[in-house]
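In the two complexes that follow, subunit A is the common piece, with subunit B as its partner first and subunit C second.
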Partner chain A sequence: MASEIGLALATGILGGGVYALMAAGLTLVFGVLDIINVAQGILVVLGAYLSYVLSVHLHIDLLVGLLITVPAMFVIGVVIYWLFIRPLRGAERTSMTLLACFAVALIIEGILYREFGSNYVSLNAWYTTASLHVIDFYLPDIYLIGFGLAIATVIALYLILYQTKFGRAVRATMQNQTAARLVGIDTNRVAALTFGIGTGVTAVGGMVYGAISGGFTPNSGYDLISRLLAIVILAGMGSIGGAMAAAVFMTTVEAFVDIWQPDWSVVVFYLAMVIVLTVRPQGLFGRSAARAQ
Partner chain B sequence: MAPNRARFIALGTAAGMVTLLVAACGSSSPSSPSSSAPIVIGTSLSLSGDFSADGQAYDRGYKLWASDVNKAGGILGRKVKLIIKNDNSDPTTADTNYTDLITVDHVNLLFGPFSSLLTAPTAEVAHRYGFAFIEGAGGAPIVFDEKLPNVFDVSLPVANELDPFTAWIKSLPASQRPTTAAYPMANDPFATPQVELAQSQLQPLGIKTVYSKIFPEETPDYLPNADLVAAAKPQLVVLGSTDVPTVASFMHGFEAQHFLPKAFIAAAGPDQGAAFTSAVGVANANGMMVPDAWYPGYDNAASKKMVAEYVAEYGGTASDVNSDVAEAYSVGQITAEAVDHLKTTDGAKIVAYLHSGVTLSSVQGPVQFNSLGENVKAIAFIFQWQNGKFVQVLPANAAGSVKILYPKPAWSS
Partner chain C sequence: MKTGTRAVSQGAAVVVFVAALAVFPLVFTNATVTTFGIDALIFVTVVSAWNFFSGYSGYLSLGHAVFYGTGGYFLVIAARDWNFAGSGVFWLLPLAGLVAAIIAVPVGLVALRVRRHTFVVMTIAFFFIAQLAATNLGVTGGSSGLLPPIPNWAPGTFNNPFYYAALVMGVLAVAASWLIRRSRFGLQLRAIRDDEDRAAGLGVRTMPVKLTALVLSAFFTGMAGGLWVYFIGDAVPQFVFDPLFDLAVVLMAFFGGLGTIAGPVLGALILEPAQQWFALEEANSYGSEILFGLLFLVIILFLPRGVLPTGEEYLTAGRAWLTRRRSGTQSVPAPANVSTQAEGSSR
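This part shows the complex of A and B:
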């Protein structure tokens, strides 16, 4: 039993890192743009497919391939913003962006079905089945890599947000878009770049997801989006570090439930979210006051 | 008098509407062919969603059958036309699709959807409108528990799929028999019944159960479940899987934990040909077993012809043809044989005929239905990956079986 608990703790924490990677873009985009990007699930899958193409057709290692997929996804994110999000204005903007993101998800899913069909594909590399021996169990390398990438991503996003001029513009836009515009910040540019960064980061999550999932199809995004939204809501919408902590909390709870009653793990996953939000409606790391925009 | 008159008019209108409704329902029930118009067959398939890989294989199987039938002149001299609606793997949508097929498209016949999860509710729709519901993927107990007279599953009943495997374990000398077993199962009507039955057969042999749990079917990551099974160190793993990712995750998890069971059989996944081997690697697939009633090398003339046609139409090799295609094709064959024999598409007559004990033939072999609509002639086989080839291994004395690879070879990567 001790080894099972140790294993659950380890996989819970490391698995949380993987989910944080997938949720980072979602929380960043919400924090800056007030957009609940329901296309995040399919963007993760798109990232996985890009890694698949590079790995299978061009024989580029999954990790090395990130040097290509992250910029590619950044560009895709900027294009999505300019084509689908930017034209939406007015009081109905929030609900309209929700619909626009859903449309984007359907379009991407349709393209993926057309290009790759409905058969499962998977990402393989030597580290997808290798592991590190710790006490009396093994930690899968891909989980360790995913956790490491999650930490690196959170640090990178913090550096961008707090150590650069662009980051100051992002935070100003986050706090008050009108005031940011008055002091000369091109909020449209900031928004487009933020959406691009959020989507680019998702490429990393997509690669790790593709490597741990055992196989994915264009439809796999639906299983992901509800979990990612739950993590981001629990964290407090817009909190990147909070998303990491919330993801670790949720997956650890799930891993412990798996020991005794795995068919309850999904229920407990969402139950934990409901309980936390009942006590703290703004989420674990969210601010109590709504952002003024 | 005015209120009475108004009431009379209202009653008259209502009666008229009821008459029209009854007439409309009457016109949507299956009827005998009376012209040279095509016989229209409707079905709902999971062309997207969780079952899309299987749904698309079914789509190909149905279309391949329809193409073959039309090349041969059709049924009763009439061409066959398929109407296939997408249910997105959702039972409610499938329900609506079949209602539309019957009441809006006025189809003559119905073919079943993919998976027991969708067959159970949609069979009721077909029954309500008097259609025979011939299907190939609704073999789970939840379908037959409904005791609907119009359901006919041309494939092997799910619950008994692992019988040859448990019989083989029983036949092993005690020294070679596994002493411990794990039964991780996806929460799915296809996966759980067969694994639970296998567990109930293996436990009395003295094989100790060290893990038996049901995990959610829709989860993005099965590695934590695989880790817990590996921690229990069973010598035998009977996995209630529904697809390739589930099996691949367990195999990856076992390998990462440096755990190798003596025998590993999965309810589904290893039967998916290249989709399976590309996910786990050809070398790691070595020794993996899966139950099924059909495989591309099945020694049956109609089956060989179908496989050749499939490869000509869709490319790839014979090993890329999964059993979904054969199941779908069999649905068409059994339907055609019944209609040809009866010279009618009348649902009640088809139901009576299929319940008469008649033995029909399909690419999966002989078909005969019991009172529940189960195919009692279907034979369960166990298949295994051996050095890149998918071969029949059990029953050991069955024609075409080769020697089983036991214990499972080590992971290769």
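This part shows the complex of A and C:
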């Protein structure tokens, strides 16, 4: 029992880091663009499949492969933004962009089915099978590597946001788009790059997800996006730090419930979200009135 | 007087249209064709019901499959436990709608507290809760699902009872949409869509209004779900609670024209048979999925307000252009049949 609890705690926290990374991209895009990118789930799966192709067909190590998949996903994100999101304007923009993202997700899912079929595949390397002996349980190495990668990427995101000129432009756009444009910020460019960054992190998230989930199919996107949305909404839209805290909290609780009720553990995600929103409609860390209407 | 004749001609058009739908299965007896018809009419019901909540109030729901699936499962369980069979099962449809409506009350009380995209995400969350519950509960038969009774009707006209049940439901749903649109209640809903805070300030009790619309919408959706499950003869979680269903409903409403009365009918009657036909032609489901996504993008990017409103704009622009040209060359006033050309354009 003690080892089960220890393992649940460890995988909950470490796995939460990975979800935090994926959710950070989602919440960043929301903060800057006021868009809920419901394609984030399938983009993570796409990132996982890119890593899969590189490792199986070109025999490139998963970690080295990130040097290729991250820029590739970044470009895909910018293209999606430029083609399908940017043209949408007007009063109904928020719901229209959400639907457009849903449509993009469907197309990507269809293409993935066409290329890879519906069989489960998983990412393998020497560090996905090895595990570390911690007191009385074994912790797969990939959890540690994944957590390390996630933390490194989130730190990189923070450095970009708070230490660069581009980051200042992003934050200005988040606060007030009109004012940002008035002081000479090209908000269209900022938006496209932000969408690209939000998508680029899914390459890292996808690689780690593909390695720790034990297998994925094109259908895995639905499970991912529903969890990510629950995390982001629970945290309050647009709060990166909040998304990280919420992600770790949710996956830890899920890992604990999983010990006794494996069938129902996922429901914890949604129940926690519903309960929190009933009491605090803006989420745990959300800015209250700013985005109420 | 002019509006009076127009109302009469519109009413006549509706009667002719419904009559044409009623004789349809007598003319086309092919089972594949009537199956398309049943599916399309079920979607007429659901999209109209979705529209008089989401289209009128602006609260986009991506979780109507919750009500659809609830109605479907209720019908199967009730028919089994209370020994209903054959056409008697149709009497359970209003009850299936009622159960879905009851489910809608707690869903609405929680989800309608948040607005815009948070609401959309909440409805998605409720959808996944429902799907998970159906997969894991004993009463729904888990992931292997349940089987409704199979009626022993004559093979040649097997589809006809389903067709007429779907037609009655569709007509009722569109009638409800029309009545709501004309009522004070519909006006309150649209006031909420335009500016909820101002509507509340002007004395609209927004929560009861929104909740009533959602519950009514869930009632029709639940009935449609019950009929659909009875028709396809199978209730498994991943098809009864299908995310593509939610998206298809929204796509049809957008295609026809969000917040209109005729738009959802048009969208369902065009897109559902098209989708079914494509699924028949294409052996692999991914083909229809890609096409579906592309179609959705095209509609959102080029016809964001739907075929009917956009078509109406083109019609108005074209007529203005014609009038200008005529008055320029021959100085003849606009033709007298303008009002018949505008048939249905106010919808």
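Structural remarks
Going forward, the second predicted complex is superposed on the first by the 289 of 293 C-alpha atoms of A that agree within 3 Å, B and C clash if a C-alpha of one lies under 4 Å from a C-alpha of the other, contacts with A are read in each partner's own complex, and residues count from 1 in each chain.
The definition used in the following text is that a residue touches a chain if its C-beta (ideal position, glycine included) is under 8 Å from a C-beta of that chain, and two chains touch if they have at least 3 such contacts.
Source: prediction; values computed, not measured.
If you put the two complexes together on subunit A, you find that subunit B and subunit C bump into each other.
In the superposed pair of complexes, A:S220 makes contact with subunit B only, with no contact to subunit C.
Touch criterion met: A:V274 reaches subunit C, while subunit B stays clear of it. By the touch criterion stated above, A:R114 is placed in contact with subunit C alone, subunit B being left untouched.
In the superposed model, A:P87 makes contact with subunit C only, not with subunit B. Judged by the touch definition given at the top, the superposed model places A:L106 against subunit C, while subunit B stays out of reach. Residue contacts after overlaying the shared chain place A:A255 against subunit B, while subunit C stays out of touching range.
Of the two partner chains placed by the overlay, only subunit B lies in contact with A:N124; subunit C stays clear of it. Judged by the touch definition given at the top, the superposed model places A:T11 against subunit B, while subunit C stays out of reach. Touch criterion met: A:Y209 reaches subunit B, while subunit C stays clear of it.
Put simply, subunit A uses residues 109, 113, 222, 263, 266 to touch subunit B in one complex and subunit C in the other. By the touch criterion given at the top, residues 47-50, 52-53, 55-56, 89, 187, 213-216, 218-225, 227-228, 231, 243-250, 252-253, 255-258, 272, 275, 278-279, 281, 411, 413 of subunit B touch subunit A in their complex. Residues 3-4, 7-8, 11-12, 15, 18, 109, 113, 117-122, 124, 126, 128-131, 137-138, 140-141, 143, 209, 212-220, 222-224, 227, 254-255, 258-259, 261-263, 265-266 of subunit A touch subunit B in their complex. The touching residues of subunit A, counted against subunit C in their complex, run 36, 38, 84, 87-88, 90, 92, 94-96, 98-100, 102-107, 109-111, 113-114, 222, 226, 229-230, 233, 237, 263-264, 266-267, 270-271, 273-274, 277-278, 281, 292-293.
Remark: subunit C residues 60, 110, 113-118, 120-122, 124-126, 128-129, 132-133, 135-136, 195-197, 243-244, 247, 250, 254, 284-287, 289-290, 292-294, 296-297, 300-301, 304 touch subunit A in the complex.
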